[in-house]
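Here the chain labels run A, B and C in written order, and each chain numbers its own residues starting at 1.
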Amino acid sequence: MTSRAEFLGSIRREMARTRGLFEARPVPRPADAGQAAEVVRHQMLERWPQALERFREEFERVAGVFHRVANIGEVPGVIRRIAQERQAQSVLSWDPEALGLDLRQSLGQEGLAVTVAPDRDPDVATRAMHRDAAARAEIGVTGVDWALAETGTLVLVSGRGRPRSTSLLPATHVAVFGHDRLVESLEQVGVMLEALHADPARGMSGAVINFITGPSRTADIELTLTRGVHGPKDVHAIFVETR
Amino acid sequence: MITCLGDMFFPEVGVAMVKLLRRLGVTVEFPEGQTCCGMPLFNSGYHHDAALVAQRTVGLFAGAEHVVVPSGSCAWMVKTEYPGLLKEDPTLKAAAEALAKKTYELSQFLVDILGVTSVESSFKGKVAYHDSCHLLRGLGESRAPRTLLRGVKGCELVELPGSDECCGFGGSFAVRLPEVSTAVLDKKLANAEGTGADCLVACDAGCLMQMGGGLTRRGSRVRAVHLAQILAPSDHA
Amino acid sequence: MSDASLRTPFPQRAHAALEDAHLQEALGIATTKFIGLRKESFAGFPEGEALRDRARAIKEGTLQQLDRHLERLADNIERLGGHVHWAATGEEARDIVLRLCRDKGVRMAVKSKSMATEEIELNEALEAAGVKPVETDLGEYIIQLAHEKPSHIIAPAIHKTKGQVADLFSKELGGRFEADPEVLTAVARKELRQKFLDADMGITGANFAVAETGTIVLVTNEGNGRMVTSLPRIHVAVMGMEKVIPTMTDLMVFLAILARSATGQKLSSYTTLVRGPRQAGETEGPEELHLILMDNGRTRQIAGTLREALYCLRCGACLNVCPVYRQIGGHAYGYTYPGPIGILLTAMLKGAASVKDLAHASSLCGACKDVCPVRIDIPRMLVDLREQLDREKIAPWAERMVFRLARRTMTSPALFRLGASLGRVAQRPFVRNSRLRRLPFFLGKWTRTRDLPPVASRTFSECWKDLERP
């Protein structure tokens, strides 16, 4: 088996043979990440209405369904309608604290089975139960870490109370967010991600960050686009005005 | 620079080019003893041999003010590859760089150096223009030939679908993989015939050999013609 | 497929491809669509050109500090609880996966599409070791059922018409399915869903790995990449070591142009950033994460002629525009990676002799270089490969003699003139209606399908006397 030292050693040997052959191209280092992120947040305080317009346009372009409500209290109503349309009966949700909303009370009374993610470090049994619920759920409800306007993308960071499968296994994904999540460009997302990783007291308790741009799709057969291959067939975004 | 294919197979293109340039007030000289720019050798990987040919060519044109070539690929070869081929010898390399600077494909010379956009020509008909790969991608030229074609009063230029797609010539490729080369050609010719054009025009002898060879084989009414022959048609056009 | 098909010479494989009506139909549909999608995407994206330059600069800059970035990457992954393995050869990479399967009691592994695992023929090795590999990407699933190899870098099954896929599913899965992509996709979704939940291991490749943060990046559309890295208890990623990039900021540059180049999308449906195994607070995620960094011929090119090929993002754009690929499809190339970049990668992995025919499967039209997101100069490297084949005398002796003779003719005007005169004489019996329609020897390869103009009765040089008088 090759060791790290051997592997890197052969690379270094080859690199030594190219000294002076190629124009040095140092890759520029990003500026102070935390500060840059602050700048973005500041910019977005002003620009979020334009960003929202653009987000809606791009989100719908990738077959997302956009909703807008005045306050968080109206969100369960939207989900109920979606459930009716889809003839869905089971809902999986992020932990209420992570989501900012407890759907068990609002939807539970309507005959919808609502499961929420565990909010503590789960044990084996809890994990198994959640996996079963996720496999059966027809609607998955999550929050959003960043809503990227340029491409209509939802960026979700996994972690405690925010399992990965909520936006993946159910056939319908519903994402809820407010104006503070909007960013305009991929470049800005890069800034936010640099800051997220640079911060030692990070709130990122999970290992995965997903950029979600529309429903699951494939064009593997004759390049004909079909949706809902393995991931959700439908993605809904609910923008909450006062949040 | 007449090019090997031009000299042997399409002298009428060279004649048209000379007549056209003279009509535009250019003094035309023809250094004798021209053979080939060496591109077939270069493309097949025979670089040492190609360098010998390059060396000779550089010498042949040392005294010229401008070198005009009725072929995008040959112009590309001289402008892009000669300096690299002769890099071992500083004198030759400098001479190659000097030659590269003063070498032009015909349509580029007419439009960029002479500033000509409209030429008086007796040609009448509908034409479709094929973008030769080395002129289009190698020398970045797609406008000059179209400008010149549009500048001929009796000439109607129609866009060729897939004009930027290869004709399938590729030098030795045409005989190394003749079936693939022909399949690619068939696509090009189907597009050409679909335009209803009388002539399929290009600025490269290799493309014209390939496309012309396919057109006559299938008895098409479309003729493969060099740009120079549109701008300065002979009496037997 | 590789060994069997390689026994037939390349021109024969190309011939078979040209005669295959289904393939021709499928290729025409797919490549034309891909070209249109990419064109449209970049037409509305003026920043694209500058981003391509930046992306290329990042790749070159990374190569210049490759060892440091790989060290950083490995340190970060290990700090997060992941494992890094170093595989000098493809065989070693395979062995590492097999050893993990043995040690961890893996019986079934779900796979997300990975050309790196195709490169090392991992599936065959797994099956031989009693581990069931299940391809979950729809295209890979289709070819796994058909016992074929991928024919395109990002759309493995585009050589099949929907009718052929329907027939395949009906035969292999039992049932009768109509030739409707929606129906067939639903079949695959149903068949594979439980497999994700039951698998012991998830195997992926990696589009990028961010050194600064220890992140493995997967660019997918179907969702299987996410399933495979979240549901099974072990995640193994196999990655060519040249895929490492320095920072998150750099990643955004590549994300901005990758999907556009590949499929015309602004971003693929899912871009998944995986940073270590399941963290403490998480409900889901693998217990173990293993990244296998693979060399397999890449290191040798750091100072080699194919260095630029190490920039490749595996987007497939060059395949879609290549006049040769568009006519013969991927299988005729005979190796894991087809198309223009495939010829270079094959030479990288298996040596120049392996591409003595493929290096000439190009008209050097340059369309590939035109669309490459990182502007790899593929035509130049193909010519360099041809030069190597001549220098190392791998090109046939007869060919080399012909070109030596050609050079003699090109450096001697007397010989050149003699050649024209001889041609004029020799061609006389063959001229019909001022064309040459049937010629002997290798010239017959031209005249089978095309006419040739005869050598002119007077060459231009001979006409010049008359033109000299203005």
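FYI, a contact is a pair of C-beta atoms (placed from the backbone, for glycine too) under 8 Å apart; a residue touches a chain by one contact, two chains touch by 3 or more.
None of these values were measured; they are calculated from a predicted model.
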Reference chain A; chain at largest CA-centroid distance: B
Chains linked by the largest number of contacting C-beta pairs: A-C
Chain centre separation (chain A, chain C; CA means) in Å: 31
Whole-Å gap separating chain A and chain B, where each centre is the average of the chain's CA atoms: 54
Overlap residues in chain A, where contacts from two or more other chains coincide: none
Sites on chain B touched by chain C in the complex: 2, 4, 6-11, 14-15, 18, 22, 30, 32-36, 38, 40-47, 49-50, 52-53, 56, 133-134, 137-138, 164-166, 168-185, 209-210, 212-214, 216-217
Complex contacts: residues of chain C adjacent to chain A: 26, 29-30, 33-34, 57-58, 60-62, 64, 66-67, 70-71, 74, 80, 84-88, 92, 95-96, 136-139, 142, 155-158, 160-162, 165, 181-182, 184-186, 188-189, 192-193, 196-197, 212-213, 221-224, 226-227, 229-231, 241, 246-252, 255-256, 263, 265-285, 293, 295, 299-300, 302-303, 307
Residues of chain C touching chain B in the complex: 11, 14-15, 18, 323-324, 326-328, 359-367, 369-370, 383-391, 395, 400, 403-404, 406-407, 409-413, 416, 420, 423, 435, 437, 442-443, 445-446, 448-456, 458-464, 467-468, 470
Residue numbers on chain A that touch chain C, as the complex places them: 1-4, 6-8, 10-12, 14-15, 17-18, 21-22, 24-27, 29-30, 58, 62, 117-118, 120-122, 126-127, 130-131, 134-135, 150-153, 158-161, 163-165, 168, 186-187, 189-191, 193-194, 197, 205-224, 226, 228-232
